[in-house]
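Note that the chains take the letters A, B and C in the order they are written out, and that residue 1 is the start of every chain.
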Amino acid sequence: MEVFTTLIPYILRGLNITLGVTAIALGFGLVFGTLLAITRVYGNKTAARLISVYVSVIRSLPHVLLLLIIYFLIARIVNLSPYWAGSLSLAIISSAYQSEIVRGAILSVESGQMIAARSIGMTRNQAIRHVIIPQAIRHMIPPWSNEAAIVIKDSSLVYILGVPEIMRQAQYYSGRNPTKPFNAYLAVAVIYFMLTFLTNRGLDALEKKIRIPS
Amino acid sequence: MDYITYLSIAIPKLFAGLLISFKVTFVSLGIGLLIGVPAAFARVYGPKWMKNLVIAFIEVIRGTPALVQLFLVYYGLPQFGVTFSALTSAYIALGLNSGAYQTEYFRGAIQAISSGQMEAARSIGMTRMQAIRLVILPQAFRLVIPAWSNEVVSMIKISSILYLVAVPEMMTVARELYARYFNPFQTYITVGVVYLIIISIITYLLGSIEKKMKIPGMELDKRSMQ
Amino acid sequence: MDPKTNSIIKIEDLHKSYGQEEVLKGVSMEIAEREVVILVGPSGTGKSTLLRCINQLTTPDSGHVWVRDVELTDPKTNIDLARQHIGMVFQSFNLFNHLTALDNVMLGLIHVLKQDKEAAREKAMLELERVGLANKHMNYPGQLSGGQKQRVAIARSLAMEPVVMLFDEPTSALDPELIGEVLVVMKDLALEGMTMLCVTHEIGFARDVSTRIVFMEHGNIVEQGPPSKILNNPSLERTKQFLGKISDLH
C-alpha cells in the first residue's frame, strides 16, 4: 500500500523527538530520583519527610496537569523551547516515581550489608557506592522497566505543547489526508508498541544477564 | 483580579467539571470491571487460545499510550464511518484501557488464592463454575481491593487527557478559565489542589472500605499484586 | 471381573507419571466397607497421588478406579456427582478463608446437595458438634488453630455423608500438641464404622484403629496386612526398617 511509502516516513519524522523526550525524561529522572531516594533513606529526617511529601503530591496529580504547571512555571522563569520544557517536566514527574523505585530497591538490600561494610572500615558513602547500589540495581530492573514503558507512553503528552513528536506528526498527516485518520494513529500506536515491547524485552534480557547465581 | 475573587468564580465551574470527571471515571471503571473479571478468569482457567487472546489484549493496551487509544476511537474510527461523541469515545477508550489493567489485577488476586481452595471445593462435588463463583471469586474480590484502589486513582488522573477532545471535565474548564483571565499558572495550581483534595478523600474512603471488608486472618498479600 | 458388591473402593493397575518420573507403577487395591486402611511409606512414593487418583483430583495415566461400583475413570461418569460421596481431608486443611466455620460446612449442603438453608444449618451444626467445635461456628479460619481448622475440614466432608473418607496426611502440618485432637476425631469416626483410607505417619493411630496397613515404596505396594502382623512381625526387612524409623519419631 502506498500508505507505507508516505505514511510511515512521515510519522517517523517525529520519532527522534519522541526518543529524545523519553531519553531526557528517563535520564534526568533517574539521576534526580536516585538522589531523592538516597537522601530519603540515608539523609536527615526533615529532608526525608519533605521529599516524601513532594513524591506523594507528584504521584497524586495527573501527568497532564503537572506538565502544564511546570511548563507555565518554567516559561515564566526561563525561556525554554517546548521540547525542553516538556522533557524536563516529564523528567520531574518521572523522578518522583523513580525515587520510589530506587528507594524500594535500596531497602530491599538487607540491613546486614551496610553493617558489614562499615565494620571493615568503609565510609558510609563507600558502602553505598560499592555494596548497596550494585545489589539494589538488580532489584530495580523490573520496576524500572515498567517506568521506562510509562515514560515512553507519557512522551505522547508533549503533543499538548505542540512539540512535533509522532502524535503531532500523525495529526498533521490526518489533516492533509482527512480520509485516513485511523491509519495515522494506528501507525503511531504500532510505533509506541514496538518501543515499549523492545524496551521491556531488552531490560528483561539485561536482568537475566546480571543476575547473581543462587 | 485578586485570587479570592477569582476562586469564587472558578470553583463552581471547576466543580461542574469535576462531576464530569467523576462520571467518566465511574463509567470507565465499570466497563473495565465488566471486561477485567471475565478476562482474568479466562486467563487463569481458560483454554490456551483464550489465554493468548487475553494476553495479546493486555499487551497491546499496556504498550500504547491512553492518548493514542482515545484518538484512535474519536478521530480514527470515522474513517470507517463509525463516529462517536467525545464522551462516548472516552468511555470506549478508557473502558478498554481500564479493562486491560483490571484483568491483570484480578489475575494476580486469583493466582494468589491457593490451588487447595479449588481442590477442596471440587472434592465436595462442586462443579468448576460453582467453585469459581462461591469460593474463588469472593476471595479474589477481597484480595484485589488494594490494587483496585490504585486503579481508581489512576483513572481519575488519566481522565484529564479528555480535555484534548473537549469533554467538559475539569482540565477543559481550567483551560477556558485561564483563556479568559490570563492566569494559567494560578488556574492550574488551583486545579492541582482540587485533585489533591479529591484523591486524598478517595484514598481514605477506599482505605476504610478495605478495613471493613477485611476478614480476620485472611491475608491481603500485596506482594502478589505486582 | 466383577467388583465385589460390598467393596467401597477398587483400584486396578493405576499408572501415573510426572514427566520422566513414574510415581505409580501399576497399583491395585480393594477396600471393603468399614475398613480403615493406613497407607505408609517414604515421601514421594506415590501415596498422596494414589489418594488423589481415587477422587480424580489427579487423573491417572492408565488404570481403573471404582467407588461403590461406579467407575470414576470412565470419562462418561459425572465426576462432580461421584465426589459428593467421597470425603477428602487435606494436609493444608483448605478451609474456605472467606467463610465462617459454619458456612464452610454449609456451603456444600446448600449448593451441591441443594438443601434449604435451615436444614443445612442444622446439619452443619450437628457435624461441628461431632468434631467438638460447635462453639467456634462463627469463627473464620484465620481465627482458628491448625487442629481446629482440620476438625472443621473433617466436619465439612462428613456433612456430605460420604461412603468413604480419604485423609491425605491430615496431621503432618500440625504442631505436635494439636495432632491429638484431630486423631481423636478420626478414631471416633473409625469406631463408628466409616470406611477410611489414610496416608499418615501416625503409627499409634494405625495400631489403635486400623484394619490394614499398606506399605508403599517407589510406586508399588510392597507389603500389606493387619496391624498386628505388619507392626510386630513384617515379612520384609524393608518394612521393618521403615516402620522402625517412624516409630522412633512417633
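Quick note on the criterion: a contact is a pair of C-beta atoms (placed from the backbone, for glycine too) under 8 Å apart; a residue touches a chain by one contact, two chains touch by 3 or more.
In this text the structure is predicted, and so the values were computed from the model without any measurement.
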Exercise for the section: Report the chain whose mean Cα position is at the greatest distance from that of subunit A. Expected result: C
Exercise for the section: Taking the mean of all protein CA atoms as the centre, name the chain whose own CA mean is closest to it. Expected result: B
Completion exercise
So, in whole Å, the Cα centroid of subunit A is separated from that of subunit C by 55
Fill in the blank from the handout: Expressed in whole Å, how far the mean CA point of subunit A lies from that of subunit B is 22
Practice task
Just give me the whole-number Å value for how far the CA centre of subunit B lies from that of subunit C.
Solution key: 45
Fill in the blank from the handout: Per the touch rule above, subunit B residues touching subunit C in the complex are 114, 116-117, 119-127, 130, 134-135, 138-139, 142, 215-219
Handout entry: Contacting residues of subunit B [partner subunit A, same complex]
Key = 59-60, 62-69, 71-72, 75-80, 153, 156-161, 163-164, 171, 184-185, 188-189, 191-192, 195-196, 199-200
Completion exercise
The subunit A residues in contact with subunit B across the complex are 57, 60-66, 68-69, 72-73, 76, 149, 153-154, 156-157, 159-160, 167, 170, 174, 179-186, 188-189, 192-193, 196-197
Exercise for the section: Quick one: which bits of subunit C touch subunit B in the complex? Just the residue numbers, please. Expected result: 55, 57, 80-84, 86-88, 90, 92-98, 107-108, 111-112, 140-143, 153, 156-157, 160
